[in-house]
Amino acid sequence: MVNVDGALVAKSLILVAKKVEQNKDHLCELDGEVGDGDHGVSMTIGMRAVSRAAKDLPADCTPSEALQSAADAYADEVGATIGPLYEAAFAAAAQAANGKKNLNEIADWASIYQAMADAIQQVGKAQLGDKTLLDAFFPAVEHIKGLAKKGGTLEAALLSTAERALKAAKDTRNLVPQKGRASRLGDRAKGYQDAGATSLAVVLKGFADGVSKRKS
Amino acid sequence: MVNVDGALVAKSLILVAKKVEQNKDHLCELDGEVGDGDHGVSMTIGMRAVSRAAKDLPADCTPSEALQSAADAYADEVGATIGPLYEAAFAAAAQAANGKKNLNEIADWASIYQAMADAIQQVGKAQLGDKTLLDAFFPAVEHIKGLAKKGGTLEAALLSTAERALKAAKDTRNLVPQKGRASRLGDRAKGYQDAGATSLAVVLKGFADGVSKRKS
Amino acid sequence: MKKLINDPFDVVEEMVEGFLAANDQIIKRVGKRSIARANSPIAGKVGIVVGGGSGHLPAFAGYVGKGMADGAAFGNIFASPPAKPVIEATLAVDSGAGVMYTYGNYQGDCINFDKAQDKCREMGIKVETVVLNDDVLSAPKAQAHKRRGIGGLFLVWHVAGAKAEQLASLDEVVAVTAKANANTRTVGVGLTSCTVPANGAPTFFLPDNEIEIGLGIHGEPGMKRVKVRPIDSIIDELMDAILADLDYKGTDVALLVNGLGGTPAEELYVVYRRVKQICEANKIKIKFKHVGNQVTALEMQGTSVSLLRLDTEMHDLIKNTTVDTCMYKKV
Amino acid sequence: MKKLINDPFDVVEEMVEGFLAANDQIIKRVGKRSIARANSPIAGKVGIVVGGGSGHLPAFAGYVGKGMADGAAFGNIFASPPAKPVIEATLAVDSGAGVMYTYGNYQGDCINFDKAQDKCREMGIKVETVVLNDDVLSAPKAQAHKRRGIGGLFLVWHVAGAKAEQLASLDEVVAVTAKANANTRTVGVGLTSCTVPANGAPTFFLPDNEIEIGLGIHGEPGMKRVKVRPIDSIIDELMDAILADLDYKGTDVALLVNGLGGTPAEELYVVYRRVKQICEANKIKIKFKHVGNQVTALEMQGTSVSLLRLDTEMHDLIKNTTVDTCMYKKV
């Protein structure tokens, strides 16, 4: 079993950043169908800053410190809608991880993901079904909460949670957006997968791979 | 044998205008290779004005009056390089036709074409080989002067003169332009057929068809 | 993608650097992504802070200077700035008379500016906000609060800036800005999309025979896609939408025919010609007219038409104020 | 082709109509294709008449107004006006102090303006001409008289207009205009071509990874085609060409980073940033700087950089003159 200490959380953040950047063009394309085509760019800019901050962390940082550095990086660099959402999410994650030397339990991550999703909802005021990243995140949170009760390895739990998020992201296709610029298109935005939900799935996959120390 | 009176000259001018407009896009394309892509447009604007003026002429106008109306139409509407050139050309044609009730002899047209080419040279100061419309016009003038000596029908003479102009226009491909904006490209402009030479051939074809009363 | 840029991720940084250098007589830098008038804070004057995503020049930074805005925050391309540069601009322009934020109605801007407002109020600065929502076609009238802000921003800020220049109180500046916004309507049409540099491909694809009615200023799709047709009939449709939304008949207006960035000025004058004909037919008197690129979307081709219904106060404010901002001057 | 137009053959007519209506405080119509300042002729003032093909706004008509030109003639798109509108403008602006024609060096313009000059002189009007040829890359230095006029026109007219505004004599206005021209150099780069409306297709095709160095303002091909690369290295090459052609080291300059019509302002500021670095490295002091669309080619994308080497006279002329033309204002 891996020991998910602050250093590994930091490494995971760097991996998340890499994955997001690899998906930049795809995320922009999705956003371009109904929005302004910049989602992949905003996420890349934010995660590049997160990555830089993670690399600057001391080796003995706590998980909470690592997550808070991500929040701070987002705060200054990104703006847009997604900036405050991820800033709040990472800050809430840091809060949820506070006092912990490591995040080795599925329950740790369940509470972190829950805190992140809640924070995003608090800032963005979106409801389930509004066709936002929450439509990927909330199902993922429910999923990992179930796994925390059931038990199993952390690696497997994070991976299947990321998969759950991706499936949910794909399901946003049928939703009519209620928030952000896509909402102005109404039914015209139906049929397109939500960009933010898709990037959220990429982020969760990044954490899963980072924690299980796998490469891709 | 047709009687080329003022009315038929007017009709020919209308036909020339129609032919020029039919060739608009092609002429623009040629000009666009080395110039600013507007030659077909300038010629169309000019010949539309010529056509309008020709339609307004009294039925009993003289050939000279018809040609002068074309000069006046060009003067006010076109500008560009081509405007003053054709204005001068039509005015010189009117001058050459002055006092004549009809233009039934090959020699009439030989002197008209000669006067037109000379006027263009006087205004534009281009030499043979400078890759301008004169490189189509001068060979055509030489050709019709030869025919005037040899004899034959006017229709056949004008037609073969237009053909001579077209061949000469095609031969401009190998020239390096010395006048106008294409001249700034130097050798880069080699290989492209000169737009003005091409439209000159269209104009001469229009006269030939107009006089022989053929449709196209 | 072909653009006059270096690394696409450096565009905003390098653009800001060039913008500052080119306008150093008018503005100063007050943070990495924030500027203020060189002589800020101006004693007794309400500070007007504008901002939003980059890619809309002259909006927003281009309007910092005498007669319009006092400070601005730059976001990334088409992305609202974070709260930080807004706060920096606020601190730089606050003379004690208070600060007004005014920007187009986009979720990202609202979230980030509100955050800045909260923080600045905590610091004891009086901050008020007027969010602008002139884009008629972006939501039905019953949901006008959801409409986004586009070209009309320029007209509203003309009024707001003039009022603040007179050293009016924060309440007065807010009131006249809200009034100007309530009397401003815009409709737009897009011919092409545009390319976010770090994206590298156009945001969407419009076939060569289709245009988007109701297009915004981010290259995002508009309200409906229609076939290309003569501009007069398009303008007729746009003006119908404006005139149906607010009663302009017989009133005085300030008018903007706005270019979206990639459209030649010649075409904007063809548009103005038709707009003026329609105004005349509706007995609308055009008191101030502007034809040009004021609120753009990178190299997008298209136009928007904005009308601000004037009362005497707004009319005189515009009339009597010289404007000398980075990118817009009124002698 | 997608444009905000009706019949492509009506574009110039409708554009002129809109232009006149939008600028009726500044100009009046004096012919079908000619305009003059509303208060022309101005007693004792040399009248400056500019003009050329349409498609270059603000050039040329956009510069009619206080501090720049007195009259202008509109040609068709990219086609010099005939002599007639030039004559109309001349008659409208001549106060008896004489008239100066000043325009870019294109064969069509030279022929038509010369014709107008001849006719006006026959009528007893004093007319002189200064043809502008700032485009370094359009001919080698030994054949500088063959060079065409592009973005630098704007800088030269700034000086010329200021001198005429001071009621200087025709000889003096001509002299300072010629001096400004002799001290102005421009180089340009094009990313895309443009579409003459009545043509309907782009003048030429540039692949998505190629640009044209030395491009003019008619969408015509430039001097050489190169692969896309970072703008800094392109600007370095352009500035090398300028600095090799005229000695700017240690001098004061007025500077223009010009947009060709379809390029976002953001990119022009990225260009300005680099130009400024190069000027600093060469101890060139930028006294006046302009970043924007001044001499355009419809919706062409690209930029040109112009430097005018100032002496005290030209410096003070620019500095002390307010400009209030149709499309350019200097407070």
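In order of appearance the chains are A, B, C and D, and numbering begins at 1 in each one.
Assume a contact is a pair of C-beta atoms (placed from the backbone, for glycine too) under 8 Å apart; a residue touches a chain by one contact, two chains touch by 3 or more.
It should be emphasised that the depicted structure is a prediction, and the values quoted were computed from it without experimental measurement.
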If a chain touches chain B and chain D alike, it appears here: none
With chain D removed from consideration, the chain sets that still hold together: A, C | B
Label of the chain whose CA centroid is most distant from the centroid of chain D: A
Interchain centroid distance [CA atoms averaged], chain A/chain B, Å: 72
Mean-CA-position distance for chain C and chain A (Å): 33
Length of the line joining the C-alpha centres of chain C and chain D, rounded to whole Å: 29
Rounded Å distance, chain A centre to chain D centre (Cα mean): 53
Sites on chain A at which at least two other chains make contact: none
Multi-partner residues of chain D (each touching 2 or more other chains): 77
Chain contact topology (line, ring, star, complete or other): line
All touching chain pairs, where touch follows the definition stated at the start: A-C, B-D, C-D
List of chain A residues in touch with chain C within their complex: 24-25, 28-29, 32-38, 40-42, 44-45, 48, 75-84, 123-124, 179-181, 183-185, 188
Contact footprint of chain C on chain D as seen in their complex: 1-7, 11, 14-19, 21-22, 54-55, 57-58, 62, 66, 77, 189, 191-192, 208-209, 211, 228, 230-232, 234, 257, 261-274, 276, 289, 291-293, 296, 298-299, 301-303, 322-324, 327, 329-331
Complex contacts: residues of chain D adjacent to chain B: 9, 53, 75-84, 106-108, 111-112, 115, 138-139, 146, 148, 193, 196, 198-204, 216, 218-221, 223
